[in-house]
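Just passing along the structure, written as structure tokens.
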Amino acid sequence: MDPVVQGLLNVLSPQYLLLMAVGTVAGAIVGALPGFTATMGLTLLLPFTFVMDTTSSLVLMSALHSSAFFGDAVPAILVATPGTPSAVATVIEGHQLTRKGKAHHALLTALLASALGALMGGVSLLTLAEPLARLSLRFGPPEVFWVGVLGLTMMASLTGRSLVKGLAGTALGLLLSTVGVAHVENVVRYAFGLPQLQGGVDLVVALIGFFTIPQVLAMVERRREERYVAEYREQRGALREVFRETLTKPLLLLRAGVVGIIVGIVPAIGGPVAALMAYNEAWRASKKKEEFGKGSIEGLIAPELANNAVGPADMIPTLTLGIPGSAPAAVIMAALLLHGVKPGAGLFTGASAIMTYTYIWSYVVSGFVMFVIGYFLIRLLAQVIRIPVSLLAPLVFTLAVIGSFAVRNNLFDVWMMLGFGFLGYGLRKLGFESGPIVLGLLLGPIIEPALVTSLTLAEARGSWLHVFVLRPFSLAFILLTVWSLVRGLRGWSLMQRTAVEAEDD
Amino acid sequence: MRGTWRGTVTAVLAAGLVLSLLWAAAGAPSAYPTRPITWLVAFAPGGQSDVEVRRVQPHLEKLLGVRILVEYRTGGGGAVGWSELARARPDGYTVGGLVMPHMVIQTLLRGAEAGYRLDQIRSIAWTVAAPNALMVRKDSPFRTLRDFVEYAKANPGKLAVGGVERLSPSDLSLAQFMQAAGIRLTYVPIAGGAGPVMTSLMGGHVDAATTAASHGIRYKDQVRILAVSGKHRLKAAPDVPTFSEFGYNVTVETSWGVGAPAGVPAEVVTRLSQALLQVMRMPEIRKAVEEEGLTPLYYGPAESQAYVNRLVATYRDLVQLLR
Amino acid sequence: MERHENGWMVNDALWGGLLMLAVAAVALWGAAHGTGGQVSVWLFPRLAAVSLALCGLMLVGQGVRAHTRVRIWQDRMHALDVLGFAGAVVAYVALLRTLGFWLVTGLLLGGTAHALGGGAKPGRVWGWLAFGIALGLALDALFVGVFRVPLPGGALWGEGSWRPWVP
């Protein structure tokens, strides 16, 4: 039988569905705990896979990999803490929806969006692996540089009232990203004599700092007026409404999915950037821009879908070329190697074919499994809102401490998290949103090494123009950047005008 | 109302605590190791350091009878992980993966700032080594090293050779090669490890690449290895010549080993090194290692120290070459 | 900071801008005195710092010309709530190694729940503290025992080796 079909039948067998269920639950938990990433979950799983056969290991890992990017939306929505960096964009709209009493609704939307993302990513892995992998090879350092610059224009959707403050925030983030060992040279920057700063600013630590702590402090500040984060209202028929809202926006879904898949195959760029780009795309195309920042469903669907599409898309270069597209992909590839399987064209033909296709289908099916399991988990998780702020605030803080400690088992990281937290709170009061800062922090490590490498390349080729501009994909990204910049500015000024008009009313 | 549920929760948790304390009290110590061992990996998951741990982990766990908990401490080109290893308690329950020449280079480059000194870490065993390789794409006009050198002589600085960041084995071995052959190439440092270096090569963004030979073996369908460093040809690629066969003395190679904080008891060193070497000698492990383009090393505690000392001397001079 | 009937107000553009300038200055100083490396290492940070400085200047200009105002806190009560919690939280991290995760968490949970819960009766404190510590121990067991995060056990109590769930 055709291995593609065989793979599908395999994955639908009770044995593998059970494995997927286990992986899904594990992934959702790992994703939901701030400070724990999908990579960590996979490395915890790795020793267990030694006693299993290769296919089972892969199916288990794919389920975890997939559902981690739903799990991370849960704390993002409930308590404004991204469970993994990929949920950074989910916080923006998701938490606002919670404060409006629509937590259950938001969680269901995130679940559906994540499931759809996994489905789309899985399908791309299934059908377009070969061409997409070849495409990914065409992206060299100059292309990565321009995509990074494109990413900087996302600032427009994140900046709030003041464009200058958004620019400043982005520059601040870029600067913070340079702390530690320089990416390409072996030189330490801005360590000010502290050895702990050699490792630089960890992304997870910064995210918890810039998002969670300000939220916790705000919770405490409002505690006299709002004893609970939001009113808990049981919503009947929420599921039907979520389906209606989401499935009637095919363009939104398609855009977000494409962003996720493309970002997945571009080397060095990962989930968080995909989510932010998808968010920005949704914002740009939206006819209801004024809702953004106050609980826009579109702004919730797009990043959640994109960050789930990235996972399987990352596996495209990993399986076809043996080049891991991201940290979780690297762990999965290590698992493959240790089981004696070599990535490459050989995976898709011959003896390994059935195993490979079972694995690929498991990403597609993971969307469904995730949805079923997630639906029941959500009912449980939404109850968190019923904890009063007086207990919830310290509890969330405790989780923030655990999360920032768990990344590198370093107390210094906890101090850093706290420092960023106070800074973020203060900056927010002064009108600087955390979004642009985190954007800078994310893009710095992408743009700078790509820039340095491209500059060295230009030296060898003897021409800046040839390396930076006269390449088909670089050109495409440059044009995209210009377009994004223009549309971004227009969208922002439009938003300002409508906001001012609303105030005048 | 609130008082009662709080009281109940507290009581239940307290009871649970007492029970677990009682249960834990029933236990008896014995010879090393008696509890899980933490293994610090100084580089990112999925990288070669990680692969080396995972290779031995299941077998070691069986031999030693305890779990091995892998923890990642990335950053600083390995310095973050090794500083932590150096500062850990020397009781044998914290070990770390070592990589040469990275360990030496960090201390040479950054001195005290690196956060550790070589004498703070006791080498227990060195298990595999990978020579460095110079590679081009399969469709490249360069079929042998000689073609490459001829072109380089005629076009100084034009050839872009990608490698893993600066002051790495890639950089150093290329420098050795350039000096030995009297040519000028442009070294293009690429961030992110060997993966991006290989993609840059395969995607045509650089003309050649230099990194551990194991990567060339892994992608041998798309890549042609022109030469490898070291004294002997690779078992996995017997028709690839060494640089020395052309008269170029390129010696830089990467090796992986295991270490513990200095001061760790002798019985720990013996036990661990015995177990490690036993695992590495298992036929299926040896076969896998060779197939991946790596050379197995069987350096126990004594040879490890000598090995490290030799490398320190070599790299002290090499690093000067690049400065 | 000024105090109005409207709350504690501050010129956000001015102070924000000054803060940005300060950071940019530190960054540029660091770049100038940075250890070795080639010119390219400091290129990027310098670019970022200069952009930051320019934004800072623009903001300071805005602040001075337009006298922008933003409300930081509504009144003293709200400010104290936040500052009090912030202080508690700093103490938490400072005492984390000494007292151990389970204890500081217990104290924070119990203490905050009591202080902010509105039930300011003296006898209640101990109830909340006991509850907090029990919860702290449970969280410790979960994260250290199950998830294997080596949270500090408390230097005063022998690094927490008495915890039965430590692997």
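Order as written gives the chain letters A, B and C; numbering starts at 1 within each chain.
To be clear about the criterion, contacts are C-beta pairs under 8 Å (C-beta built on N, C-alpha and C of every residue); 3 or more make two chains touch, one makes a residue touch a chain.
What you see is a predicted model, and the numbers here were worked out from it, not measured in a lab.
Closest to the middle of the protein, by Cα centroid, lies chain A.
Put simply, the chain farthest from chain C by mean CA position is B. Comparing the chain pairs B-C and A-C, the larger number of C-beta pairs in contact belongs to A-C. Taking each chain's centre as the average of its CA atoms, chain A and chain B sit 30 Å apart. Centre-to-centre separation between chain B and chain C, using Cα means, comes to 37 Å.
Averaging Cα coordinates per chain places chain A and chain C 24 Å apart. Residue positions of chain B with contacts to 2 or more other chains are 67, 113. With touch defined as above, residues shared between interfaces to two or more other chains in chain A number as follows: 185, 188, 409, 452.
Within chain C, the positions touching two or more other chains are listed as 35, 148. Here chain A touches chain C in the complex through residues 33, 36, 44, 164-165, 167-168, 171-172, 174-175, 178, 182, 185, 187-190, 192, 216-217, 220-221, 223-224, 227, 388-391, 393-395, 397-398, 401-402, 405-406, 409, 411, 414-415, 418, 422, 427, 429-432, 440, 444, 447-448, 451-452, 455, going by the rule given at the top. By the touch criterion given at the top, residues 35, 127-128, 130-131, 134-135, 137-138, 141, 148, 162, 164-165, 167 of chain C touch chain B in their complex.
Residue ranges of chain C in contact with chain A, taken from their complex: 10, 12-13, 15-16, 19-20, 23-24, 27, 30, 34-38, 40-42, 44-45, 48-49, 51-52, 55-56, 58-59, 62, 70, 72-73, 77-78, 81-82, 85-86, 89-90, 92-93, 96-97, 101, 105, 108-109, 111-118, 139, 143, 147-152.
Those residues of chain A lying in contact with chain B across their complex are 39, 42-43, 46-47, 50, 136-142, 180-181, 183-186, 188, 191, 195, 198-200, 267-268, 317, 321-324, 327, 329-331, 333-335, 337-338, 340, 342, 344-345, 408-409, 449-450, 452-453, 456-457, 459-462. Residues of chain B touching chain A in their complex: 44-47, 50-51, 54-55, 57-58, 61, 67-68, 70-77, 79-80, 83, 105-106, 109-110, 113, 115, 157-160, 165-168, 186-192, 195-196, 198-200, 202-206, 218-219, 221, 288, 292.
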